[in-house]
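Next, two complexes with chain A in common: one pairs it with chain B, the other with chain C.
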Partner chain A sequence: MEETKISMYQLYKDMLTSYLANKSEHALYHAQQFSKEMMEKDMSPEETVSLHLSVFQELAEDLPEEVVDSFDILLEVMIGYGLAYREHQSLRDRQQQLESELTVAARMQKSLLPHGEISLDSVDLGVISVPAGKMSGDYYDYALDEHGNIGVAVADVIGKGVPAAMSMSMIKYAMDTLPEQRTQPGALLENLNRVVERNIDSDMFITMMYGFYDPNNHYFHYASAGHEPGFVYDAVKDEFRNLEAKGLVLGVSPKVRYFPDQLHLDAGDFIVLLSDGVTECRVDGEFIEREQLVDMIRKYKHLTAQEIVDEIFQELEKAQEFQLRDDFTLLILRRKV
Partner chain B sequence: MNLDINVTETDKGHVAFISGEVDVYTASKLKETLNPLAEKPNSDLVVDLSDVNYIDSTGLGIFIGVLKSTEKTNSTLKLKGLNERVKRLFEITGLNEVIDIEVDEREEA
Partner chain C sequence: MQVQTHVDIHSEWGIVAARQAGRKLAREIGFGSVDQARITTAISELARNIYLYANKGQIQIEEVTSSGKRGVKIIAVDEGPGIKDLRRVMEDGFTTSGGLGAGLPGVKRLMDDFNIDSELDAGTSITAIKWLR
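Presenting the complex of A and B:
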């Protein structure tokens, strides 16, 4: 430390001497470099002022007493800046620590979502889920059972960030305990509702749509807990319809019944599930209408399911200047043959 | 966007007239105003939303919380004056089945 002080002293002295001798821009540039080094070495502003005074006293002998004394005032004033600077540094350290904790949590959260690709002759599946911040309040799932049924889910916890993310993991764990209800969408939601109702704040809730496609008879069975309606694309008629089912959001009341619905899919038909982060996208200050979303899906419908969801996300992200207001999840399941 | 809440007393409770947007920024203000009214035993709380254009999911959550409070205190909650967009939100979430929503008289006429 003492050595650093000596070398800083020498450096400052050279710099000041050079500037006083020829007033060069070069010396000013050195001063900028010096201030960076000062911060790296945790030198406070008041230390710099006192460094300046001692160097200057050595260079210019017989400094008037008033000049020397005036530095006492400057020093006192700089102490306040020094304190603010140190506080800023400790806050910055703390922020970095929080940031890295969040990064770990976000990575853990990602590991809760399915990863492997489902590559089947019967269906084409695509999904994208992007949080507005680091952590997501959206949940999605897809899974294949031993009979070839493909279950798909999208859930949306109100709010976003850490509280929403914690509730989202509750859905994931509860889903894992109900494997036998993956082909009973109504019963599945009833069970999830009981778990959520017991474990969530009184003014929070979760919406969810769950369904499964049976490739043997080509039916899609689904139920909804107050979730944003999805879409069904009818390839023969080249038409989009809303995919909705009545049902209360999860977490309001312990005894709620969910009644599943079903629809037949022809080859080329597809199901679109989404979170309200998709429909709450604002383009030029206005919410996008569901018809606009349909137009976008239509534009890309010749692509694979994964390409469609990727293209739509990119288009909406760009329209919002890359600043998502809410977590965004979009899932497409298409019957291939 | 601001949220204004105007509460008047009635024979058996309160009417809260709300104007503005109920979203993540204004929800806590709404909660602080409505919850104490809902927690009064055996009273009726009417929330007039005629001047509300938009409610987001956080706002819906506040109404769920208020509903749960009224259930505990044997009180009632009724909403009125919902515009189409807001009404649709209550329908999608199924909340229209558990919260008393007054049908707009102008629409019926």
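Presenting the complex of A and C:
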């Protein structure tokens, strides 16, 4: 410490001497570089002011008393700046710590979502889920049972960030305890609703759509808890219809009934499930219309399900300059044969 | 006998008097101008808190020595409302002056040793020491 003080003193003195001699831009540039070094060495503004005065006093003998005294005022003012600077550093350290905690939490959250590929002869599945921040309030799931049924789900916690992510993991754990209801969309949502109602604040809501495809009779059975409608694509007519079902959002009331619906899929037909982060993307400042989304899906429909969702995400991400406002989840399930 | 000064704080005049006493002692002990300014800033913050939140109280300033080191000790005492959540108050960014670095965390930074005791409806006592190097 003492040593660096002495060498700083010498450096500062050389710098000031050179500047006073020729007032060159070069010396000023030197000072600018020097300031970085001072900050690295944790020198506070008040120490810098005091360094300046003592060097100056040595170089210019007999400084007028007023000049020397005026530094008292400057020093006093600089103490405040020094404190603000230190506080800023400590807040920055704390932010870095929070960031790294969040990174770990986000990784844990990711591991809750399925990531294995499902490659089947019966269906083609694709999903993309991207959080707006580090953690996501969107949930998705896909799973295959022993009869070949493929269950798919998208849920959206109203809210963002850490609280939403915590609710999302609750849905995941609740789903895991209900394996026998994976072929009963209504009963599944009723059970989830009970869990959510009991465990989360009354000002948090979760919407969800769950369905499963039975490759033996080609029916898709589904139910919705106030979730953003999806789409069904009819390959023969080249037409999109809304996929919706009535049902209250999860967590509002303990006893809610959900009535499942069903539809037949022909080869090439597909189901689209999404979170409202998709429809709340803004292009040119306006929310995209569902028709625009349909047009995009149609444009890419010759691709695999995974390619379609990836392309749509990329296009929408770019259209809003890589600033997602809400968690984005898009899932496509297509009957192959 | 070591120097000890008591200053009653019940107006901004008291704050200035406490600063003056602190600066005088710091100078006598041999602190440089930067540390003098740091010590007086800490005194200001503590005295202002007394004035603002407890209406009145006292700042004591004395010389301390410990294993050959000399230092200035500031004790701020009041019988005001006390501080409810000490941990929050000592967090950066909590002060009403938010983000300007001063406040109690600032005092802690300016000084070497810092101790705070506070009891709701009974008062607050803060001790801070700066050692001469």
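In this text, the second predicted complex is superposed on the first by the 337 of 337 C-alpha atoms of A that agree within 3 Å, B and C clash if a C-alpha of one lies under 4 Å from a C-alpha of the other, contacts with A are read in each partner's own complex, and residues count from 1 in each chain.
To be clear about the criterion, contacts are C-beta pairs under 8 Å (C-beta built on N, C-alpha and C of every residue); 3 or more make two chains touch, one makes a residue touch a chain.
The model shown is predicted, which means the values in this text are computed figures rather than measured ones.
When both complexes are overlaid on chain A, the residue A:237 reaches neither chain B nor chain C. Contact with chain B, but none with chain C, is seen for A:158 once the two complexes are overlaid on the shared chain.
A simple residue count on chain A separates chain B from chain C, and the partner touching more is B. Contact with neither chain B nor chain C is seen for A:107 once the two complexes are overlaid on the shared chain. In the superposition on chain A, A:50 makes contact with chain C only, while chain B stays out of contact range. In the superposed pair of complexes, A:86 makes contact with chain C only, with no contact to chain B. When both complexes are overlaid on chain A, the residue A:280 reaches chain B alone and has no touch with chain C. Of the two partner chains placed by the overlay, only chain B lies in contact with A:207; chain C stays clear of it.
Of the two partner chains placed by the overlay, neither chain B nor chain C lies in contact with A:5.
By the touch rule above, chain A contacts chain C in their complex via residues 46-47, 50, 71-72, 75-76, 79-80, 82-88, 90-91, 94.
Contact residues of chain C toward chain A in the complex are 32-34, 37-38, 40-41, 92-93, 99-102, 105-106, 109-110. Across the complex, chain B meets chain A through its residues 24, 31, 56-58, 60-62, 64-65, 67-69, 92-95, 97-98. Note for the complex: chain A touches chain B at residues 156, 158-159, 201-205, 207, 225-229, 244, 246-249, 251-253, 276, 280.
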